[in-house]
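Shown below is the structure under consideration.
First chain written, first letter: the chains are A, B, C and D, and each begins at residue 1.
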Amino acid sequence: MNKGLKIATIGGGSSYTPELIEGFIKRYDELPVSEIWLVDIEEGQEKLNIVGNLAKRMIAKAGLPIDIHLTLDRAAALKDADFVTTQFRVGLLDARAKDERIPLKYGVLGQETNGPGGLFKGLRTIPVILDICKDMEELCPDAWLINFTNPAGMVTEAVLRYANIDKVVGLCNVPIGMEMAVAELLEVDHSRIRIDFAGLNHMVYGLDVYLDGVSVKDQVIKMVTALDDNSFVKNIHGFGWEPEFLKAINVILCPYHNYYYKSREMFEKVKQEAEAEGTRAEVVQKLEKELFELYKDPNLDIKPLQLEKRGGAYYSDAAVRLISSIYNDKRDIQPVNTRNNGAIASIPDESAVEISCVITKDGPKPIAVGDLPVPVRGLVQQIKSFERVAAEAAVTGDRNLAVLALTINPLVASDTLAKQIVDDMLEAHKKYLPQFFGNFITK
Amino acid sequence: MNKGLKIATIGGGSSYTPELIEGFIKRYDELPVSEIWLVDIEEGQEKLNIVGNLAKRMIAKAGLPIDIHLTLDRAAALKDADFVTTQFRVGLLDARAKDERIPLKYGVLGQETNGPGGLFKGLRTIPVILDICKDMEELCPDAWLINFTNPAGMVTEAVLRYANIDKVVGLCNVPIGMEMAVAELLEVDHSRIRIDFAGLNHMVYGLDVYLDGVSVKDQVIKMVTALDDNSFVKNIHGFGWEPEFLKAINVILCPYHNYYYKSREMFEKVKQEAEAEGTRAEVVQKLEKELFELYKDPNLDIKPLQLEKRGGAYYSDAAVRLISSIYNDKRDIQPVNTRNNGAIASIPDESAVEISCVITKDGPKPIAVGDLPVPVRGLVQQIKSFERVAAEAAVTGDRNLAVLALTINPLVASDTLAKQIVDDMLEAHKKYLPQFFGNFITK
Amino acid sequence: MNKGLKIATIGGGSSYTPELIEGFIKRYDELPVSEIWLVDIEEGQEKLNIVGNLAKRMIAKAGLPIDIHLTLDRAAALKDADFVTTQFRVGLLDARAKDERIPLKYGVLGQETNGPGGLFKGLRTIPVILDICKDMEELCPDAWLINFTNPAGMVTEAVLRYANIDKVVGLCNVPIGMEMAVAELLEVDHSRIRIDFAGLNHMVYGLDVYLDGVSVKDQVIKMVTALDDNSFVKNIHGFGWEPEFLKAINVILCPYHNYYYKSREMFEKVKQEAEAEGTRAEVVQKLEKELFELYKDPNLDIKPLQLEKRGGAYYSDAAVRLISSIYNDKRDIQPVNTRNNGAIASIPDESAVEISCVITKDGPKPIAVGDLPVPVRGLVQQIKSFERVAAEAAVTGDRNLAVLALTINPLVASDTLAKQIVDDMLEAHKKYLPQFFGNFITK
Amino acid sequence: MNKGLKIATIGGGSSYTPELIEGFIKRYDELPVSEIWLVDIEEGQEKLNIVGNLAKRMIAKAGLPIDIHLTLDRAAALKDADFVTTQFRVGLLDARAKDERIPLKYGVLGQETNGPGGLFKGLRTIPVILDICKDMEELCPDAWLINFTNPAGMVTEAVLRYANIDKVVGLCNVPIGMEMAVAELLEVDHSRIRIDFAGLNHMVYGLDVYLDGVSVKDQVIKMVTALDDNSFVKNIHGFGWEPEFLKAINVILCPYHNYYYKSREMFEKVKQEAEAEGTRAEVVQKLEKELFELYKDPNLDIKPLQLEKRGGAYYSDAAVRLISSIYNDKRDIQPVNTRNNGAIASIPDESAVEISCVITKDGPKPIAVGDLPVPVRGLVQQIKSFERVAAEAAVTGDRNLAVLALTINPLVASDTLAKQIVDDMLEAHKKYLPQFFGNFITK
């Protein structure tokens, strides 16, 4: 190969960037990146500079021939890129804080992905992503879009249905976190664990789990039911599943299932935390401030440990592992958000699912699971309906569809509440939702 | 024909029986019934006698050659029957009162069909129905089982999956009530209205609605959104759907949808009513007492008007209309609960659905609707998952499955609540749930 | 109603027209037709006049207030029509003669619907039908297109996929003929017989058959296997199915199945007939000549008996019955070609199938049959693949697709033969296949 | 690991055995086999001894600690086996010769897998395989059954539907041969080529083909259409596909497609070869004789080169590669016959398909392909229907089903021919088809 790979990272000023840079450094021997373009918008310029300079110091320390570009010019970044990663946040953490606060007023969880918060994050994000896709058609038609921006399921659905590019993968660290948690539980190296994932983003189930290729699902479920906190992943602390429930459902649950199978308890917990220490966005805002102070230190040339508190564990690992498997046609198994293509029965072929795939240079190829287990079908369909109505609302700017999306969302389940929340949040996010106020992003 | 039809009605002592008798009288010219066997259990003997004697007086007044038999001997009633109708209630209204009261303690609606109340009604009813089916295999293998006993969807599912008889139809008055409500709204005779129904029992949607064969869905939705109380059917008073929601979902809703699309409001309403006037079962108990006092009157020889307050409007019409269409191979369209057979995409062929069917002598033939509209798929799948897990719990007596059924039920959505409610209700209904306490009904 | 119905019949100069006129006369009391517009092209003007004048005499004799219009102006005929029927034949019987003759040279049956003959009839017909559909969008957007023109399955598929009108039904007399044949076999009136039809045009199966609503399939199959000629319908004389085969396949076959389940015998028979008396088209050409001589007789004012030899029994009955059921929202069951909509598993929702439907004012609603019986799935899929590739060839003018369509057709099954036949027939029909020679019909 | 693997090979006296032994020797470092049990029946004892002794010499020369056991005691061989491979041939090559000769009399190709020959090979083989499965349930419930015996698709279907073991894989060398052929065509090492396979055994399609992970399908199809003999695989010489056909079908074909897309040409060729040099079975019989003469040579201690003429190239490679990937949980992609599980739309989940799978210790996991391309759906369904009816005929001994299986087979397509062939072949194979003559294998 004569030339290295060009990576464009939209939302490059994010506090996560050092994580990503570390990932590229670690896998440089298998992934010959020559340029990383960190793009951001004007409001993010200061953060972009801070984090970008840290990135440069990290690369320098690693002694690698990778050029870091900091830019506000998205087109320049996209031009001939090989991979485009997205980690931007329309409206920044302020918007997320509203996503969380407003629904609480109505006795409803905000939930940044599959709840009202997720709906509004999707409404803000999808037009921007579709705009990026249009640019990519022209500037880098062969590039892969690796989307980290939440709600990753809804965003991937929107790209599959409303954009003209096929090469898109949605990525989340929840599945890898579940494998890590099982490895920890069994006290084995995580490379020996494999889970058959199927479902949707933040609504993914482990249909089976293997140690060295041999199913250990029964053992894992037995061990988990005996634990105090058996929610598999630390990120969202559950309260322990009832053993009766876990044995009967007989699959590995993801932490986000707490919102649906423990909905009242989660509401109380989130509400108390919001009162005591602020919502998650508010907590993260403080953390970020501290992180950026650290990042400014001209002597810092590695990813600081404090970044881990921010969440997002394994993100860089998941991302760079995926990119490398595509680039190298590794054909290994990874859980990603991709076109269903018949893998899960009763989900349309063209819809996004989160599922174990073989990762090839031609993209992820989902492993067929057939019918989902009877008890999980309903919730998966419900969230898929929510994602589809929400994505349609995002592209049409139809307020009725936004009300419908929330009404059919299991966290709301009331048309009157849905309407009140939609009206309140439309007003709060007005600046970032031009399509609901008569204006559409066009090129 | 040399011989008239034999009808066996299980739960013949029900206060509804005069309704049914009136139906047979009205349609005698097309449905030559010669014997009606009203069967009940020992505890119901007194009521059976009261209502049975009224039935006899009604037939006498009509001057028809129909023999009414009152019996506790189910086998004698089933022997060579042409149609078996079921309207029994295991544990009577006392049990229903518990189904409603206990969940309220946990902040959860009882809901006698698709909620915790429905689960426990199903757990009590399904073993009895399957026992009746076993008898029918032997005593009247060619008879049709017309099931009115709720939860009619779950019961039909159980018969389709766990019994050896094919000839079963589940029946509900909700769809006919929806057609009546539309007729009233448009101020036309109800025979001119037809709705394309699809979904599940008490979770049925009108995909389109026609006046004289021409779609008037847009007009109906428009009119309904302008009403104060736009819930279509009076039985369960709603609060009016939000116009945004109704326009976006763009289907005709059934009154039970209030529990899922207006869940908080319904909970408050039911709770207040329970406090003010008692739960629905408690109200009905009073009504029934009064009804039976009326029924005792030896001069009464028609269905008393007061029965209408009891609910169940159109039941007899729906039931006898169905029986007549089967008997006469009428090939008219009626909404019933039957084997899906591919009519609704993503529901297994062998599952029960509530859907518009052509009614033939060979049974109901569902009209294909293909994919359900995107926004309604989730809830339908969720209730179907609930019904299937519940039916399996009923036949296995597996407490874990009962906990699972409630956890995935949208009215509960918490494994801890589910477990508490299950334990409380198992204890309360112990007498009628032998399968959960080590005893199975066997023959 | 203030105004009667307007019927537009494309190909009005056809010898079948008196059949259709008779149908309208017979059902005038339920179908108040006020105008019938018989349209034809210039080459057909003489025949149009002859048959049109007969039509006028027939109406006059019946004493009905129906105006017959004879015209070459298609737009005038379509303007505000309520029903458009199509019975035209691009290239007339000369073209059909070539469809039959040319394949025989290659040792292949022409078969005017699902064989090479059908492919080329489709290639000639589909562009014209799509052109009519474009006119209808504008001139009579609420009209129903009732298509009789063969290959009716392929043509309906093409309209469903490539036209902008939804209101299309394809019609064939084979299913009604099968019901008539069963009625004759059982010596009962045909109104007492009903068959559950499912499959494709000229590839339709009777999944069950009922006498007065009770299945008599076993009896019918038993009787048929005992007959000498057990092919159900006289039109295409079979040779009798082998009893082993018929018992095992356990469905009612249509006469066209002889081409696929008795392929060699049919080839020999057709070849011998072609040598002895000419191909079917050549025989029909003679018949038609005689018919038109009869039609000229100014004293003839009824449908002459000789028309029956021409084939097409029950066509008028099928057509006018269908139109009346749509107009009157009769909701009776009739077998037609319509959008599958999930009724037959494994056929796309949007593909055309021939299936028992409830006929409503809103069109035919197919009755769900779920999975086809295992042994018939393959052939149905094969013909559907053939129809779809052929329809795509017709709209694109892609010769490779025409070769593919014939190669996958079971009557050809050879790419080399397919290519030779395609080349030979493209040349022969050049005049009517402009799309394969660089010219597309456009408006 | 304390103990090596035990392999049981049913039909161990086959001339292919040295191929298999060579495979185990080559991969010994990743597959620690300690015992290979070659089992045969009494009639095969002499061949078993000859080939078994060669196997022993091969192992000795390789200096590996693998014990070769020769036995007629199947139970002893199966006891605690880790992998069971089947390569037996009920009735030996004499039966195959009849499978080929008898249909030719009727103008029909025998075709040893998906034609009349395949039907009868299946009828002879399936009861034996199901008997082996019953033994395995008891003697080695954790073992994998790796079936090479043809018709591999029908046999795998039968095991999936009628046996109680789940761990079965059907294997064929056609897909690997297609990859090899493409590698040769592109002049690259075969490890760089990957094909997305989907379909059925001997009816498999390459939906896409990759060089180093990048699709080269267009290039390959272009190159192939330019060749004289473009049938991809040498084993069955085709005549070159017509470029029009190949471009339009736009998939990679397998050599067996010649029977369906070039049916007349293949019939003529096979008939001429049969007349000139004998049928394939007769040619192979001679080859085998020569091979066994070679095998007897006590100095021979490697697989003789002449074995390659016998066909079956890559068999050992495919087999041992598969066993190693299961044993080592390699998760690489291999095409095998396995349970569909939703991977190919419109094929039942529980049916066998030949498809690219990820091979894990838990077995093959098929990669979802969704809908097959339109033009190939029909033939795949037709062969699947044939396989299913044939498998049912094999287990029931129902002659009507055998006639039905052949009638719906595209190579026969005539019920009369089907009946004649079935009767003739039932008589010829009477000894090996006890189930059709009133006797069933039972234990």
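Criterion: a contact is a pair of C-beta atoms (placed from the backbone, for glycine too) under 8 Å apart; a residue touches a chain by one contact, two chains touch by 3 or more.
Computed from a predicted structure; not experimentally measured.
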{"item": "Pair with more cross-chain C-beta pairs in contact, given B-C and C-D", "value": "C-D"}
{"item": "Whole-Å gap between the CA centroids of chain C and chain D", "value": "44"}
{"item": "Per-residue multi-chain contacts in chain C, two or more chains", "value": "345"}
{"item": "Touch-based graph of the chains, sorted into line, ring, star, complete or other", "value": "ring"}
{"item": "Residues of chain C that touch chain D when the two form their complex", "value": "107, 239, 241-242, 244-249, 260-265, 345-346, 374-386, 388-389, 398-401, 403-404, 407-408, 410, 413-419, 422"}
{"item": "Partner chain D, residues of chain A touching it in the complex", "value": "194, 196, 208, 210, 212-215, 329, 331-333, 340-345, 349, 358, 360-362, 365-371"}
